[in-house]
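Consider the two complexes below, in which chain A is the common component and chain B and chain C are the respective partners.
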Partner chain A sequence: MRHLSTILVTLYAGLIYLFIFLPVVVLVLFSFQDGSLPVPPLNGLTLRWYEAIFADGKLMAALGNSLLVALISSAVACVLGFLAAYAFARYTLPASGLLRGLIVAPMTVSTLIIGLGLLSILNITGMRLSLVTVGIGHVVINLPLCFAIIYASMGGHQVNIERAARDLGAKDWQVMLLVTAPMLLPSILAAFFLSVTFSWDEFIVAFLLSRFDVTLPVEIWSMLRSGLDPKTNAIGSVVFLISVAFLVVMEFTVFRKTGKSS
Partner chain B sequence: MTADVSIRNATKVFGSFRALDDVSLDIAAGEFIVLLGPSGCGKTTLLSILGGFIEPTSGTISIGGEDMTHVSPAKRPTTTMFQDYALFPHMCLRDNVGFGLRMRGMGKAERFEKAFSYLDLVGLRASSAKKPHELSGGQRQRVALARALAVDPHVLLLDEPLGALDLKLRRQMQDELKAIQKRVGTTFVHVTHDQEEAMAIADRIVVMNKGRIEDVGTPASIYMRPRSLFSAGFMGEANFLPATVRGTSGSEAQVETTLGRVALPASAFVSGSPAVGKDVTLCIRPEHFRNANADVPTVSLGRGRITGSAFFGTHHRCHVAAGDTVLTAHLPQTDNPEAGAELDLRLKADSIVVLQDGAGV
Partner chain C sequence: MAATALERMERRKAWAFALPALLWTGFFFIVPFAYMAAISFWTRQGREIVATWTLDNYIAFFGKAHFFKGLVVSLEITATVTVISILLAYPLAWIIAERVPKKWQRFALIMAILPFWTSYVVRSYSWLLVLSKGGVVNQALLWLGVIAEPLELSANRTGTVIGFVHFFVMLLTLTIYANLIQLSPNYRRAAADLGANAFQTFWFVVLPLTLPGIMVGAFLTFVLCIGDYITPQILGGNNELVLPQVIMLQLGRRADFPMAAALSLVLMVVVTLAYIACARWLKMERT
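What follows is the complex of A and B.
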């Protein structure tokens, strides 16, 4: 009886993981397809689709754009999120509960609506669509996340440490830069890397707010319109690999930091 | 460096709560002052006002003759050593201790040298590259002290810094604090609720209660000659015996207690000369119920019966019933007090302190 339940639980867990990872495995597997259709049967293994994507200037430019937008917009979101969290945690603000709610509210709004709203604002202001506008969109999406993560890690025990810094002559900006931010580094890094992976994958806002220079998801989408091709599998695998790399870096840095500090 | 501190009529009101009520105190340069009192007595509020973390509702603070009432903590010649040490967790000890100097724009080489010398002072030079989390509680304590002293404050404020340490380490740190204070000569203002700690380190103790100062003096004078009931009760154990003044004659006064009439020297009346008919309280330390020598004037409160005793190492602590009154007496460790035994309640006349009811400072 006990034996049977162990088998069932193992089977169940196996199915869950299969369900989650099968699409990725298929995607990666058929990126090596020796043939022009990324569907079974697997004819043989080849790296030529990878050669093709790395030789594709448009695709590589989009990849560069994506990295640039992800890194810069995440950095901006983290700085803004940190400043907002600092204000809410250290000062008594009027209606602070309401204001805090409003900052995180965009997390619950669909990116489609945020994208459309930004698009109409940009139209009104006459600002041209570019990677900058995509970056702005990503800041809007990621700021609530960065704020929430950083705010959650700001506790009362750091107040006395900041007080000590002030007592020793530090000005407000020195307290923030030399004491508060380094103390919160694990959560700031977590916010940054999470935000990078979101921005890296983000399609809707990037699609709505870009024109000539596009990010990788938008470029992949336009490739898909011309039909299935193992090349899309190959670039998809690269996207997946880079996402995983960011997550690993985050796990490593954040885990290492929090593991060390007492 | 060192400076005197003068607090004039400091009052702090939080809503309807008077945390500090018209407190005036003068502290000499280089003095080791301990603010002693139970939680909520206003001692930490007074320290925060000295450090500039809160502004008094009214009254003034001056340090070294300069008015500091509205000066920010960074611009005061004070530094604070916090209860939880408040070390910078991401910096090594050298950078922790050098932080204040860095804020003052001191160059790296000079700063490091000075940081090392202060780490040397607290015996942690060899650990200068370590981070605070690698240290024990007592070591963090020392780093916090070094960091606060490194900027040459005129006045060092210590907010219950030994509260988190175990008893043995606390004793050791008390001795170290005292020794370091003597060496650097800085004025120390130390807050604690532990009367033993206060006696161990203070030049002068300031006993506080309900936002007011109850008593100020050396540890010996506060213990032997307390000037208020609160002060007598907070600094060690005391028996309080209600009495009424019945007559005065020259250097003596007759008082009527529930244990009979006794004659006390006028010098026992620490809060004003005795007036006939006045209600007073006799304050008797438990260890004074020991057979007094015959060649000094003694006072007898009759005889009592021991109802229970416990051995405390340095003494036996006994409960003694005398009439309806229950007294506490500390008998010598070599005695063998047994329940039911009789005790002669005789003590030196000058060991009794008479406090007028409702008297403060």
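What follows is the complex of A and C.
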């Protein structure tokens, strides 16, 4: 009985893991396809599609743009989120519940609506679509997340340490920068890394709010128009590798402390 | 007197810290959203948006089949995806929580959600590779002799559903696992002491206690699934469009901003209703 259930459990888990990994394995495997169609049979292995993507100026520019937008918009979202969290956790503001609700409101709305709204406003203000407008949109998406994560970690136990710093003559900005921020560093980093991954992967807002300079998901999107192409596999595999590397860094730096207990 | 001056200064400081975030959200979210809501009651003439108040866009949504059908298709696909994803994810979450040794659980979980972190666009494209006529699945089945003709697995609803299920199995595994791991083993011990067998313990004790995790995951699935444009656009073909595709179509070819805005608001109302239903249920569960 025990034996049978172990077999069943292993079989089920195996099948689900197969389902989960199938597309990724196929993606990576056929990025080495020696032929122009990334479907079976596998004709042989080649690195020429990787050469092709690294020689593709537009693709590499898009990759750079994506990194730039992700890092800057996440940094802005974290700074704004941290300041707001500090204000709401350390002071009493009138209607603070409502205002906090306002800051997290974009989280409850689909990104399509955020993008459409921004696009319609930009249309009447005449501001040109660029990476800046994409970045603005990504801050809107990530600010609620950063605020919520940092606000949640601002407990009462840090107040006494801040008070001690103040008694010892630290100014407000010194307290915030040299005392509060270092104490909250794990959650600030978690917020930052999560924002980066969201922004790095975000498509709809980037698609609606960009024109000539585009981010990587938008560029890959336009590559899809030509159908199945091993070159798309190659860039997809590179993106996957970057994301996994990122995840590994996150696992070992940010989440390890909190995850150890489990 | 001095105290109030100090208080006033403190309050001014608090505002200074909160204001950047509030202004950002106000300028780039609330104002655009309000403007879009207004536009949805306007019309367009050619490429211009004209500010005459009318309900025409909403009437068109309920009156014209291709708009309304978008919502119906969206709801059908979302419901299918949510149910299948829960059925597939629950056993996996259970296996990871109960059968995998403690020190391997974190690794098993990370592996189960690893492809979650691939780019969204790339993930849908990967499924196209797997499901297309010459793709891995069809080739394998043909080679095994299971089928004589390639199956139609992409460019239709099947493709969209498979692509979605893949994503949401990972998400739901995470939320259900988080719920399972919190359960005190005492519940199960008590059930066993009272004479319940393994199945009864699961069905009458463990499952009801993990309903909140299932509900939270199902709500996330609903919201993300119904608002998604990429997966149906890449895997679903052109025969039936979901609401986000209809919205993007208004934007692209027809440049009909008011109609797109109205459809977006309809989408938002549906999501809000789902949220209210879910929140109510969770509240009821707690009392």
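Keep this in mind: the second predicted complex is superposed on the first by the 254 of 262 C-alpha atoms of A that agree within 3 Å, B and C clash if a C-alpha of one lies under 4 Å from a C-alpha of the other, contacts with A are read in each partner's own complex, and residues count from 1 in each chain.
Heads up, the rule we're going with is that contacts are C-beta pairs under 8 Å (C-beta built on N, C-alpha and C of every residue); 3 or more make two chains touch, one makes a residue touch a chain.
None of the values given here were measured: they were computed from a predicted structure.
J.: Does the chain A-based superposition show chain B and chain C clashing or fitting?
T.: In the arrangement built by aligning on chain A, the partners chain C and chain B fit side by side.
J.: Considering only the touch criterion stated at the top, classify A:A170 as touching first (chain B), second (chain C), both, or neither.
T.: In the superposition, A:A170 touches chain B alone.
J.: Tell me which touches more residues of chain A here: chain C or chain B.
T.: C
J.: Which angle, in steps of 10°, is spanned at chain A by chain B and chain C when each chain is reduced to its C-alpha centre?
T.: Result: 100 degrees at the vertex chain A.
J.: Using the superposition on chain A described above, determine whether A:F54 touches chain B (first), chain C (second), both, or neither.
T.: neither
J.: Could you look at A:V179 and tell me whether it touches chain B, chain C, both or neither (first, second, both, neither)?
T.: So A:V179 only meets chain B here.
J.: Under the stated touch criterion, which partner chain does A:N160 make contact with: chain B (first), chain C (second), both, or neither?
T.: After superposition on chain A, A:N160 lies in contact with chain B alone.
J.: Given the touch rule stated above, what does A:G117 touch, chain B (first), chain C (second), both, or neither?
T.: second
J.: Can you give the closest approach of chain B to chain C, taken over C-alpha atoms and in whole Å, for the superposition?
T.: Shortest inter-chain C-alpha distance (chain B to chain C): 6 Å.
J.: Shared contact residues on chain A for chain B and chain C?
T.: Shared contact residues on chain A (touching chain B in one complex, chain C in the other): 262.
J.: Hey, which residues of chain A end up touching chain B in the complex?
T.: It comes out as residues 157, 160-161, 163-171, 174, 178-179, 182-183, 185, 260-262.
J.: Which of the residues in chain A end up touching chain C in this complex?
T.: The contact residues of chain A facing chain C are 6, 9, 12-13, 16-17, 19-24, 26-27, 30, 37-41, 79-81, 83-84, 86-88, 90-93, 99, 102-103, 105-106, 108-114, 116-118, 120-121, 123-124, 136-137, 139-140, 143, 147, 172, 197, 200-201, 203-204, 208, 216-217, 220-221, 224, 228, 232-233, 235-236, 239-240, 243-244, 246-247, 251, 259, 262.
J.: In the complex of these two chains, what residues of chain B are touching chain A?
T.: 51, 53, 72-74, 78-80, 82-84, 86-91, 99-100, 103-104, 133, 147-148, 151
J.: Please name which positions on chain C make contact with chain A in the complex.
T.: 10-11, 13-18, 20-22, 24-26, 28-33, 35-36, 39, 88, 91-92, 95-96, 99, 105-106, 110-112, 114-115, 117-123, 125-130, 132, 134-136, 139, 166, 169-170, 181, 223, 227, 229-230, 234, 244, 247, 251, 257, 260-261, 264, 267-268, 271, 275
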